[in-house]
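Structure incoming, see below.
Order of writing sets the labels: A, B, C and D. Residues in every chain begin at 1.
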């Protein structure tokens, strides 16, 4: 509706990374404490934040554009206190207009009572679903695909929420980690491939669901396990019960998003049994094996590539040190300066550490190259600070395909790897050499001996489902 | 949902006074100019403001809590520019939580395309309608009864918007002045009794719909006529077309809200052919006739009772003058002081004009007494300033019944006139005498020789419909 | 310093209208209650507000740009509570940059202790004084001439504050109503001509000083008397003591600003014994006598000219009524629209009352014409609403000279009366006739039988002092 | 003045860490670009920010409470553009009231023209100086000791600014890195011991002065050298000229603040020829030498202790890794939760990395222990995450004395090391062992073979001057 242009292939940009949390309080975690969990998930979305809380009879909610800390003023936070259960959400930053209507949780009243949902992921067949629902009289009031869940749950609800979630899942193509709140129950569901993460924690007799285990840490809860791909859990006064999305309990090959380990997740999270930092360190070691280079210093681009750099250093024996320092105080309020000063603005966030790099051959580890412009600036900066050589090493394969399953990637045209060879990219960045970690090595590093399966779509087009077939045309006019 | 308490008869407080505007631009009024119209209607609602605009293909909107001037920053206002048609809304101030979700226009995407509505009025049978709609799978995402319009229009839309508005009207009990926007049309509708006002203006070839004619003035448009009770208008490239809500074109006795003339409307508005200031002056004259008193000065409570005071002065021959001065700068940001200073806070908004009242017998005209507390303070203030006598004259009858049809009145218990005699009220206020204008006289004064019929519910219980029969129980849980 | 351009004759714009208040609490008025007094004086200055309070030992203060209601958040207001004495200030709105440094009270620590001052008025010989002070080592840290008071008081303080105020006065040329706070005393002083107003009130045993009596009303204090021209008062635990600025107790002819009665002061104020509304009504009557016209309606430009219009109506016998209605909700946040919509913006603040003016000959009373552009718009608006004739009557003489003594008037060039005849102005405004009230008549109307003398500088150049001789060149670089 | 309590020894809290910058533009650095330099110095002060700029004729300035990014809106920043020279300042965060009056630069107009200063450091003999100045008629309008500079420079200015700075220095006891702006010159001065840092950079023909070299990096300027202890530089159209504070050019033993290297400065700064990161790495190595321990992991407390941890790891051979992860999104807006949730709030900023620490013996490196409470929480967190042992190693000696020379340390009573033995502190923190780096080792590590001398006051009371003798009583009432 808002600024929606039917001529533009908006699906590529529609996808968003988000974070969800849910709490069922049996006396050990105040619903208001989800505030801490959302802070811990803030890296998954900075556009808006929200919580919905039930006292057992009715659902109260609050959501707004902004960071968790600014959305929840003291007065608002106090309204979220003392509930029986609740869910929360942070949403990825996009440039929007009146986007607070798209903030989650989405809350609705339907024939069966009240309902709130929070969703991380992307639906592919929104057009078709939306068309069908509208033909049945549904009206859409937001511009987020997550609203479809509300309609489908309401539609299938006469058989109960678990059954509605099951039925709904048969209709839906795409990725989702979902938390659902009714007046007296908390539900969690993860798509059949387990593309987006969702884990379960416990503190005393109380339960927590969250996108990443760091949210459990923030609540002082213990990580129990991850919600399995295709699993639905229902949490209520009687405890937790688990269901399969499929009536026949069949399971599909797992397709956990590999990029979560590479870049998205917090380094102190444990996802599907694999600790993220460990995965990154191992990727760095693999990288040192497959792409060695003679050098004096191994450094990582702060903050996400530091672990891989440590791994590279350990494996290669080249000393680890800092080459770039991040300015912790440059935030959102930074004014874009006029053209003549733009060159300076680049130095605002990162500064080269002259004392460490001067006269040295530096291996600079980054986790990925998307457009290539940042890499060029970093190489320039290090050379400007006196580095004799700069060898770029990327701890993942080239990002060649857009993500359709939950991450906001640029269109294919803007992905430098989809149209340039490694040597071309090297030349553009000005690096003395450039190597990527091959996909097999990355998978081995992350998997760490387990049998976990991944969605590798952005690297090799190997999505767990047929994207083209799933995406449906038309009727997308509830999207911006 | 939010703070909704099923045990409380919320209907009394649910009602709200609002203002609506719609523009169809054939080259003479930029849709952005609705900003001025909303400023002109700001007295009808200060909680939130919003606009939705179509460029012929898609609807863009912006709405938020706050005054028109603070909601529409320059950037937001510019997004409303250059449209083909648009609607706007201001909403009455209530204490709410996360109320921006209830701001209007409400915008939805449905099987027939996109739709935006703005509504002034109150629905009575929301419970029943809501239940039926939910049984058909509808989900409600706001806490305003206006959302029902969206669902009903979508439901009946296969036969076209005009037909949908007609059908919908058969289902709905209550009052409404409604503007509806589709991607290429503007619609207006007024309930069969014409309880809430809606007028039509023209500027060149462009059309305006608005709650009050002052909004037309603000746009430089001429008042053409009022939308008739039970009339639907459709405005498009071909011009304006008029339909009756009823297929048989039958009309009901008019029931225009009498209180609009007494207090609500701006004094420079013309509603249903009657200029508001004239009506107030004539009411003041009637009051002088039925409730004369020997005195030295006639004064009105600023601002709404000044016209009636002028009328009283002209009729009685007692000189008109100011007895109370309003501080123009005391706004919303006023801090409620601690108990010891509260006495002073009263003087902040109004100050007695000692030079005018000292030693004088004052006739103080007010338009109505709701709770009686303000009247007592005013009498105290005048006596404190040296007035020898204070004679309260009210230019309308006692407000004895709540309004169920669009105005936010206190519950019956809190209306002083529903439980106290005039003499009791006089004693409580400390006035030397107190008289109200009888209903017949008020009607005669407002009507001014025309045949206009009124809703006099708040004065004598004479609502144009059977309120009890219309109100339905249950299923109200989409309301706060 | 800031944006100060030495080539521009800034003195004309430097002058500012302000409001001051002072409280000495002997148990009857909490210093925090000055908040109410400042609200009552808000019309005298909307740029910044501030208070300084002493607890008997030290001075605490708070000041900021913004309206009283926004500067004093609850937390800040609470810091002003429970003091022994205090002063407050509101400052006129100008477009400034970093102007909070110029907000008053000005607070300083000097050899004798702590000192706070608040000033309404303008100094003429700032250049000379500033040069002398700097030669003695003084540094200036604000861009307001009021800072000179701080330096002079500190300089002369060894002999006590009263003596310092006396000595200081001998140095100073210009207008001032001044309140001064030390750790245990409150002082008030008014310039020898009494150009700017200052009155004294009492509540129980506590004292109040204020620019206008409405501030006393707001505190529930009684007006005792006005501070006399050239009087200094010292208020302390022992009560109030009065001194003359001159050692020989000589008095100069009074020169109270006539424009305070015409426009500046609140209509419910009593200044130097004359109630402002009465003065305005009498000016209206005089105007009807000297400039009669045959017409059907007398109306005033809201709000300041309404009283004069009433006077004109009473005297002429032509009925009084409203022709223009002010929109109470258009405030500071109003966005200046683009050129194409600017015509509409004019209607935002005032709207013509068609029902009252259509087909009528209207006498429109205004209090003054400064640039003439507003008058033209009003005449246009009334004619557009159907007025047959519009006769402009101004309840004061043409403003022909700038004010150098406390009011922010445009430069002489921009004052339409300084370069155009009455007939030329009439033609420009489009009025059918235009008459001003001659100065003698205005003085008679205001004076009301008393012997009060006035500064009539802006009307006839008759300032109470030789402006040219008093103004000094150079060394103005502490001004913006 | 504000909340000033004469009974409290305010000096301990008065001290503040700040950052300064100055630019003289000969065509290579727009004065507006100081915005970037202030961002780079933001870690030195988050309470307020400001800039003053001269266009060669007059000084324009802007300052306010808040972070650099929020103080300088686009409009304000544009006012700082295109100047000939300018200075900027960031100020340390303290809880204040109306503190914007204390923001720097301080700007004044005096007999010699206009003057702006920005100061990092603390004056000791403010009482005496202030008393003398007041006796000469000076008035103080802020609550910062830096105002004394303004008065002294004005006082001595007839002989020129350089001479005034010289003379002033003879009066002043304390630490200062000072930048001074006149309408056409930029000056820098550093106290005779060089306690606070100040360096000189160049870009093309333009000059920069800054507290740390990272500010030069941010402007794309090259570090030329540090301003020497007791040096004054004057920068103008003719270039740069250097003077000694002492007429006899004598030099005192250098007393550069050792704590800048330990904690305060940014890790990528080079101060007095020593790169901060290098100093920290070497301190870590020394620590490994003097306080070895058998362990499985060396980790640092982010961010300031990471370099020392790397040094410890290299020296000890124990693998380096992360044990604690910082949440980058927890900012100032964090709401202090109620007591029951406070335990959780601790986890907001730091989270233990279970995967890395579980079952391990961890050496946790921190740069200092002030109160001890944070250390206890970190040890708890690591043990909670499964660490078998936690050995605290501090890369500096115990902080036993307050700083009187520019850093805001708690009073002696609150410094845990001033009243507890190392073993007592170990027990309180729950660590398995605790060792500090002895002062000699720290000095050797920082000095790195140079002859640089340090102020080691906070560690051993070895201040470069006799603090007691220098501090003067009385007349402190210009301080809050």
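Assume contacts are C-beta pairs under 8 Å (C-beta built on N, C-alpha and C of every residue); 3 or more make two chains touch, one makes a residue touch a chain.
Just so it is clear, the model here is predicted, and its values are computed rather than measured.
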Quiz item: What is the set of chains touching both chain C and chain D?
Solution: none
Exercise. Averaging each chain's C-alpha atoms to get its centre, pick out the one most distant from chain D.
Key: B
Quiz prompt | Approximate Å spacing (C-alpha centroids) for the pair chain A, chain B | solution = 47
Quiz item: Just curious, how far off is chain D from chain A if you go by their C-alpha centres, in Å?
Solution: 38
Quiz item: Which whole number of Å gives the spacing of the CA centres of chain B and chain D?
Solution: 60
Exercise. Pull out every residue in chain A that's touching 2 or more other chains.
Key: none
Exercise. If two chains touch, include that pair; go through all of them.
Key: A-B, A-D, B-C, C-D
Self-check item: chain B residues within the chain A interface of the complex
Solution: 1-4, 57-64, 76, 79, 97-98, 100-101, 106-111, 113-115, 134-142, 150-151, 154-155, 477-478
Self-check item: chain C - residues contacting chain B, complex
Solution: 30, 32-33, 35-36, 39-40, 42-43, 46, 67-70, 72-74, 77, 214, 217-220, 266-268, 270, 275, 277-278, 303, 306-307, 310, 314, 319-322, 325, 327-335, 337, 340-341, 343-345, 347-348, 351-356
